[in-house]
């Protein structure tokens, strides 16, 4: 699996055991706190960290993440400050930038995605997720990523099948972001059947599968990984902690602690799920029928 | 001239000298004051008194008289109270009822104008003026008037010429109401050329010509009678005094005095005009050239 | 265009049938009609009668062609005859809507206003006056006057002005002067008197555009003839679309102009039942003492009398004083009705019906919700009739949608708030008005 | 009917000319267009593309006939092409008005809403959603949904809801649910995101009716094809009425649906100049710092970028963040524009122009006063262009009157109050609103 991508660090993250992939919007609610929060994720066991670069029209996000992006924008987040953040933040996990295509396209003086990717690479970003960029329009970005050694992650939905799935999977690298259910991001309490079906559908593709959308607790993480996921992506549940911190006027340290704690719970859940899966696989292997 | 009509008293009013024909709305602002006011007109020299029986939609009236009719209606005036008023009021001048056709048409149980005219005659009314009844529609009322000995007065406008004039003049009795100008009732300050032309046009018809609409002072009256009118009809200028009395909260006696005074002025003006005309006629007669 | 063009010869013939000729010669509809106006207005009325005969009946100088062309291009005619799918299903009969709500200005009123302002131009008049109550006729007249470049003054009661500010603004935007009438209660009645007063003083250069088939001859026939385009189109459309004449035509009636407009071309088709739906208000009982009829059902409950220049059916007390009428819809709130309708009701040709405020409001919500057309509250009475009487109707019913309801949103909120109406939306955010 | 019926063969042929085919196959207009949407929406968009090709292009199951019939009967098509006598005189050129203001609902928006709701029905969808800013697209969609008996939810920013209560009430009367969007500033942008969010979760049974020629393929071509009826009629009417093609076609442009609707059938007529008039707002200068463009002239001043699913011209800062746009008319107040217009501007086929708030407001008053038509403030920009550029135009100019101004009375009062406008009426009684 690991050699499917450009980024060794990302491949590494999936190499032994499930990857816990948390997401936060950079600059939410301000630059410094945001740094503390991202570092807390790292301490909490993140294998990869997705950093949201806020765009003014985040059509793919649920209201939780939309709120985070608005806060970050209002606090002055820009692509350049984002890159500075990536350079400054003190974490071990590889960083993936999640943003919308217009910001990538407009960056720098030259038109097209290349300047953005070049700068991202320089800032130590290992991969990109662009929720409004379809595979059909992705070739220029794909090329730039290959040139600068970044992975390009795509999202597949429960409804992504047949040709579309092939088209996406032929362009993906690093990992595929498996959308757990229809709808946009937002923390929910159950685990969807759609997830299982998606994972089944993706079995034949040789790239790590990270499931996201709606994961909010260790137990969910466990079930999803037990169901076959190579990693879990968690956004809204973490952003909720930041939002609550703003509302309740909590200290940065307290919010960071909570983020770290939830991260630990999720990571442990994922590991439990992984262990369960391994066990099940072993028992099937030893007791064939 | 005098034998053109049904009512001897009306004929009499024009018999020697110009007729001063004042108008008030009956019941304005209340039954008792109204009686005092009408009696004041009589004392002031009225030769005929036009009593307005208020109708809810007085389309031919200016805003002054419209106001009077609204006050009278609000104080409870009805056709039956109107007739009672005519019976009770203590005046020498003959009474003419001015009202709209719907009230005449609806009166009594039998449909048509006859019951109204019968009742009017019983109350001592000598004539009727119905501003919204055209000559073409007047035959039933004309018949009833003839049956009960009332005159039926018609209004001719400055624009009434040719066939229309003939049609009206063939139905008129008592006197013809010469509208001094276009527009509806309301006191004005000048004397219109249209008046002179109307009087010229009417010269050939053998019925007294009373000019109304806008006469407000003795001097006007004088000029109009000098110009050939057999009488003057004054409404708004008198109603203004009543309205002012209401506004200024004057006593009934004071308002009555003012009505009497203006009446006297108008009557004297008319007489001066008559004298001037007689003089002019004499001088033309004695100095033919 | 095809609807009005195709049956041209037919139409010319139809325009000579008794129903279309009625009243044209002498302004009489049996005992009703006439010219009960002050003598000062007679010359104007005679001049207008003459002009009506020459231009409207005689098509002198191509008046009719110009009128039709302007109605098409400026007004948006023909208006569709639309099958109402869900009402048809609900009542198990074919229901068609004649869409006068799509006419420029949002109601049938423009048919008449444009005709009269154009006629005034042919007559060489230089100024237009009109009265208005709720403002529908005033806005239609102001539009027509702007279109034809005629100065225009609209009289409107002061109280109505305060209740209908958007319409006042629309008239002013179109360049009309809106003169407040402060006399009396400051409503339609007083505005009519004031307009007559203006006309009496200015007849020579001014035309008074009356807003319905009321008033002295030639207004009732002339307004009917201008509005008859509704039934001319509807008749041809019904034949073309539905394969035959309607069994029933339903229209609301205030003064009755959309009513006679929708009926005119069917009057001689004896198989077609004609239903004039009046405002039943809150009740048909009257309060003689206060001179108030809490309805405006003059055809259904009124007596013969003379009002605003014509003999017709009226709401009046036993003395003959005109009663104050009432309706949820200001356009139906009038104590009289066109003399032609009074006649046709006496003859048994037109079926007069009263629909009360509640049923009208339900009709308003029903059409809005099920057909995507928000009707005027006036029109809503015709829809209330459909709900109450559909079992008595034939298999092909045409309802005249005389106007759109945008003007009535405030009234609808206020009135819906007082009632419990199934088909109304959740009104909570609108309590207290828009 | 005759206008659309007569040139049928021509029309079929014209619908195959390059200008009409553009974008149909792959959703690309040169570098513009595309499908920049979250993967979850892709199946819906592919399903819609397929349905568009089958029903709209292929006329499967007689979709086109039903669409045209409903547009005629329910919508009131054809709308007239009216000669504007006084504007023609003023500018010494023939000015014709394409009267989309007469369409049911009062704007061109219904052409598209009815087409899409009908298509959703053909696709077997059971639910309609739409976003709305000022409420024009929302009311059109609510009407179409009621007419076709489809449950409908409209997303609207909370702030817009409070500014546009009459439109909210109209949608509710038509049975639609209006869902307030509280995120962000509570305006159109947030409503679009929220509607996309709903769609992403409900694609299987729900169709999202986009309100202009924006968004991912197939929306830009599909909305254009539904709106193209404007130019199909106008072209035939101009030939019939004025004896030839227009020299110029003028339309305002927000997203650009009335614009492409008015242009579509003329794009291949090289002699016809096409003018897209954008809102110049208070100035064309932008405030980079605040991320605010006090205009919405994305064609005239914008740069290429990706917004709401398509690559097009945008108002954005140097980072690529979308700017807040501004205009006196809420319907033009959008930072993007249809990709097809962006392409046609780059090709030099369409002339982009900006008209500022002042000139638009003057245009609003001018048309109201001189022609008796109160235009939407959006349309008023096209009229402002006429005043400023009439000397550069040919002898036969068609202006698309995209909507009526009844919805804008409050805004007109507020904005007129701040200025000194010759053609405005005395506003004293309206200060402070209606």
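Labels for the chains are A, B, C and D, by order of writing; each one numbers its residues from 1.
Heads up, the rule we're going with is that a contact is a pair of C-beta atoms (placed from the backbone, for glycine too) under 8 Å apart; a residue touches a chain by one contact, two chains touch by 3 or more.
Keep in mind it's a predicted model, so treat the numbers as computed, not measured.
Could you run down the chains that neighbour subunit B and subunit C together?
none
If you average the Cα atoms per chain, which one ends up farthest from subunit D?
In terms of C-alpha centroids, the chain at the greatest distance from subunit D is B.
Provide the C-alpha centroid distance between subunit A and subunit C, rounded to the nearest whole angstrom.
67
Just give me the whole-number Å value for how far the CA centre of subunit A lies from that of subunit B.
Subunit A and subunit B have C-alpha centres separated by 98 Å.
Mind checking the centre-to-centre distance between subunit A and subunit D? Centres are C-alpha means, answer in whole Å.
Once rounded, the distance between the two centres reads 38 Å.
Name the touching chain pairs, would you?
A-D, B-C, C-D
If we count contacts the way the header does, which residues on subunit D are in touch with subunit A in the complex?
Residues in contact with subunit A: 34-40, 42-43, 46, 183-184, 189, 192-194, 196-197, 200-204, 291, 303-309, 314, 316, 318-322.
Taking the touch rule as given, give the residues of subunit C at its contact with subunit D in the complex, in rising order.
That would be residues 1-3, 5, 72-74, 76, 79-83, 85-86, 99, 101-104, 106, 142-149, 165-166, 168-170, 172-175, 365, 368-374, 405-406, 409, 412-413, 425-426, 429-430, 434 of subunit C.
Using the touch definition up top, name the residues of subunit B that touch subunit C in the complex.
55-63, 66-67, 70, 73, 78-79, 100-107, 111, 131-134, 136-137, 154-160, 164, 168, 179, 182-184
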